[in-house]
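Per-chain residue numbering starts at 1, and chain names A, B and C are given in the order in which the chains are listed.
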Amino acid sequence: MLEISGLVSGYGRISILHGIDLRVEKGELVALVGVNGAGKTTLMKTIAGLIRPTAGRIAFEGSEIAGEGAERAVAAGIALVPEGRMVFPRMTVWENLMLGGVHPRARPYREATLERIFDLFPRLAERRDQKAATMSGGEQQMLVIGRGLMAQPKLLILDEPSLGLSPLLVQETYGALRKLNADGLTILLAEQNVKLSLAVSNRGYVIENGKIVLTGASSDLARDPATRKAYLGRL
Amino acid sequence: MSRLSRLAAVGALALMTGVMSVAPSFAKDVKIGVLMPRTGRYAETGLSVVRGIEMVVNNTNAAGGIKSLGGGKINLVIADNGSDPTKTSLEARRLMSEEKVSFILGPYSTPEAQAFMPVADRYQVGGVGLQTTVIPTTPYFSTISISAEGFGKAYADAVKWLISKGAKINTVAITYANNDYGQVVSKTAAAALAAQGVKVLESIAVEPSVKDMTPIVLRVKSLAPDAVISVVYFQDGVLLHKARFNLGYTSPIWLGGSAGFSDDKLWGTLGKEVAEKTLTSSFGLAFYSADGKLPGLKDALQKGTAAYPDKVLDQSFMFGVQAARFLVQALENAGTDDPVKVNAAFRGLKFKAGDPAIVLPIIPGDVHYAEDGTLAGTSAIFVQWKDGAKHTVYPEAVASAKPIIEGVK
Amino acid sequence: MSAEVLLQATVQGLQMGAIYALIALSMTLIFSVGGLLNFAHGDFMALAMYGALALYQSFALDAYAAAPLLFFGFFLLGFLMFRRLVQPVLAAGVLAGAQLTLGLVFVQENFLLMVFGGDYLSVPTVLSNKNLVIPPLTMPWPLLVGSLLAVVLAAILYVVLMRTDFGRQVRAITQNSDAAALMGIRIDRVQAIAFGIGIGLLGLTGAIIVAQFTLTPAMGLDFTLIALIVMVIGGLGSFAGSMIAGAIIGVSESLGSLLYGGTVGAMIPYAILVLVLLFRPHGLMGEH
């Protein structure tokens, strides 16, 4: 579904990613793990069209989307749930969700999707008319995931959804992701939390200094001495 | 070619044509600065003034220039002060120190004159203010207008005259533009009226930039005066008449000036309906009215119509003409382009009644410059509107029509 | 002072206030697009008033009939100007943007001076010089209609911004433009449209209040100042705030002039501005 090859990207003249190869098949839940500063966010943003890559290809369902902009990525069916949540703070939960489905491709299905999201996160239904800024971190995380789903994505990309959440909320969030994946949604997940992300995913990539250094089935990666060595503190 | 070198080339060319155009004669040309608002609040007035100046200068140059300078031509350097005192001072400095002009026609308003005077004093280059009602504080500045005190007195005189014509005026309310000029006019008028036994109910300050005069007119109305004096500029005057019209408050005898009651374009701007209800019964203080009888004025009107067939020859135009005619005479008298001597000649101007150099009806008799740089021998006139035309009604010596006074047959 | 006179002045002030509010609202809308402080705001309205004059002179088109035309014309002007001029300059920072609008003040004033001359001009309309008299009140029709339309337009603008997808997109861009991009919102286009609506509203406003004012090329500045004051008092970006602030300024200006003379009346907006900045730095209804 998503096929990335030789991707070079960064900020201004500074390259952060030095030739990334990565693929996600339909229905998979793929984890991208790496320490802080490894380049995960840069890769996610490049896929979502916020950053224009300097070289390489990003093919989504066979068509090239590299450097085509965020609108093109959304139109193709990619939704990024960004790091740091980035809610629209002075708008209500409902307005945030509506904006998630504002793209013409998603607009006709908004009402139905909203129902599904409220089923998945009943808390959002309760807080429907509350301003996003006034919600807790966990609730905001649910909101941005819900907002991402409103776009009717074929591929949902999440950038560190566990960051800053209590263990209980992390469990809840990952439970939701597993459920979404089980219902057929393809997911690409960037995480520092190696143990957790490799536990829920089918396959995984390890990124280090802008390069993929290891890849394989998540269960193998979790057992791999190299991973263990690199992320000992985190296992 | 780089931009800089292109600039240099253009500059060189300009210099060259400048050099070549100097006729091989002993005629000495004079450079005269014109410092007028061409943008900003008083742009319209400034442009009209400049037209008047240019007409006189063109006519003079065409008729052989300044004789005492061997037929030297007057070259105008026109600068825009943006209706702004700060820019006035900057441009005055430039005209004097860089352009090296011999004299400056301008600036226009009182605040501009106040910014101008220290500069004139420092560079010892003279200037003449057109609508400046301040008394000059330097020998290098003179005025053509009547002083603010003179206006204040003119209002009181007019009220006295109206009473003598049968008007019942026991109480007066004053509204004035809240700047130096307005304050002095209203104070002088109030003091003179009190001395005549007329009660001044209140003097109401109004910012010239006001956007709605309704509250002011309501305040005046609640005072219920017999007569009202409004010291206004054009735009606040228009708003005043509109508010009077809207509120149906046209009963008291209303005197006012200057532009907001006597500008040539006032009738058209207000529209017939409003103008008839408000202007017809009002008395507008003016410096100028085309119905005047002066020979110089008739001549200026004729030449002006020929030079600018599509323009209104308003009072600003005539002020430009008047200033330029004074200057031409001063240059003839001076016989040099030395700024100090030109200024002294300007200050030394004297005219007999009926001299063709005099175009403004505010100069009915002999006139000369007083010690303080104001014109001695001026007096304001009052006009009344009828069907879009102004008629001088006061002083009766220069009047072309009889006044129509509310409540008097 | 009689109650009737006070009432008359209050009503007059409310009507002026509604017009101030509408001008401030379009300024708020433009400000919400990338934080552009539009110092040429009043000048665009002046341009519209002269536009109404030109349409009247050339086609005998009444200003009220010309209002929709001026809206679309100015919308287009704003839309194109944003694409060609504002957006590239704004990319260099909001300061550069403000400088651009200062430059536009100069360009527009001189353009008007060149085309129409410096004369004071007025535009006759079907409503000019007509009053609605409901004793003890006298209301000039142009002001009454202008202020009522201002309220209606403000309400429409409010609904568009708060209740439609377009409005949510505009607000989303203001609150977090990266996140807005992730929603697939075409930021450039939405901003250009919002800017166009802001300028278009000025076109409309100019047409519906032209009968109330005398035209002069430099008239824009006073309106820009009032709009800035109303916008800041109301709270940057707050629509309800601008409406309330407009009413407060209009009424206090009017009552101040009536009770204490024109100078006090003219100082009141600035005095209120200072007080609000002292005690409520984010304005009456400002957020944060």
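Everything below uses one rule, namely that a contact is a pair of C-beta atoms (placed from the backbone, for glycine too) under 8 Å apart; a residue touches a chain by one contact, two chains touch by 3 or more.
Since we're looking at a predicted model, the values are computed, not measured.
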Innermost chain, where centres are averages of C-alpha coordinates: C
Pair with more cross-chain C-beta pairs in contact, given A-C and B-C: B-C
Between chain B and chain A, distance of the C-alpha-averaged centres to the nearest whole Å: 75
Rounded Å distance between chain A and chain C, as computed from the means of their C-alpha atoms: 43
Chain B and chain C: spacing of chain centres that average the CA atoms, whole Å: 35
Of all residues in chain C, those that touch chain B in their complex: 1-2, 5, 8-9, 12-13, 16, 109-110, 113, 117-122, 124, 128-129, 131, 138, 140, 213-214, 216-218, 222, 226, 253-259, 261-263, 265-266
Complex contacts: residues of chain B adjacent to chain C: 39-41, 43-47, 83, 175, 178, 204-207, 209-212, 214-216, 218-219, 221-222, 234-235, 238-239, 242, 245-248, 265, 269-271, 273-274
Touching residues (chain side chain C, partner chain A) in the complex: 165, 168-169, 171-172, 175-176, 178-186, 287
Contact footprint of chain C on chain A as seen in their complex: 48-50, 70-71, 73-75, 79-80, 82, 86-91, 95, 98-100, 102-103, 105-107, 147, 151
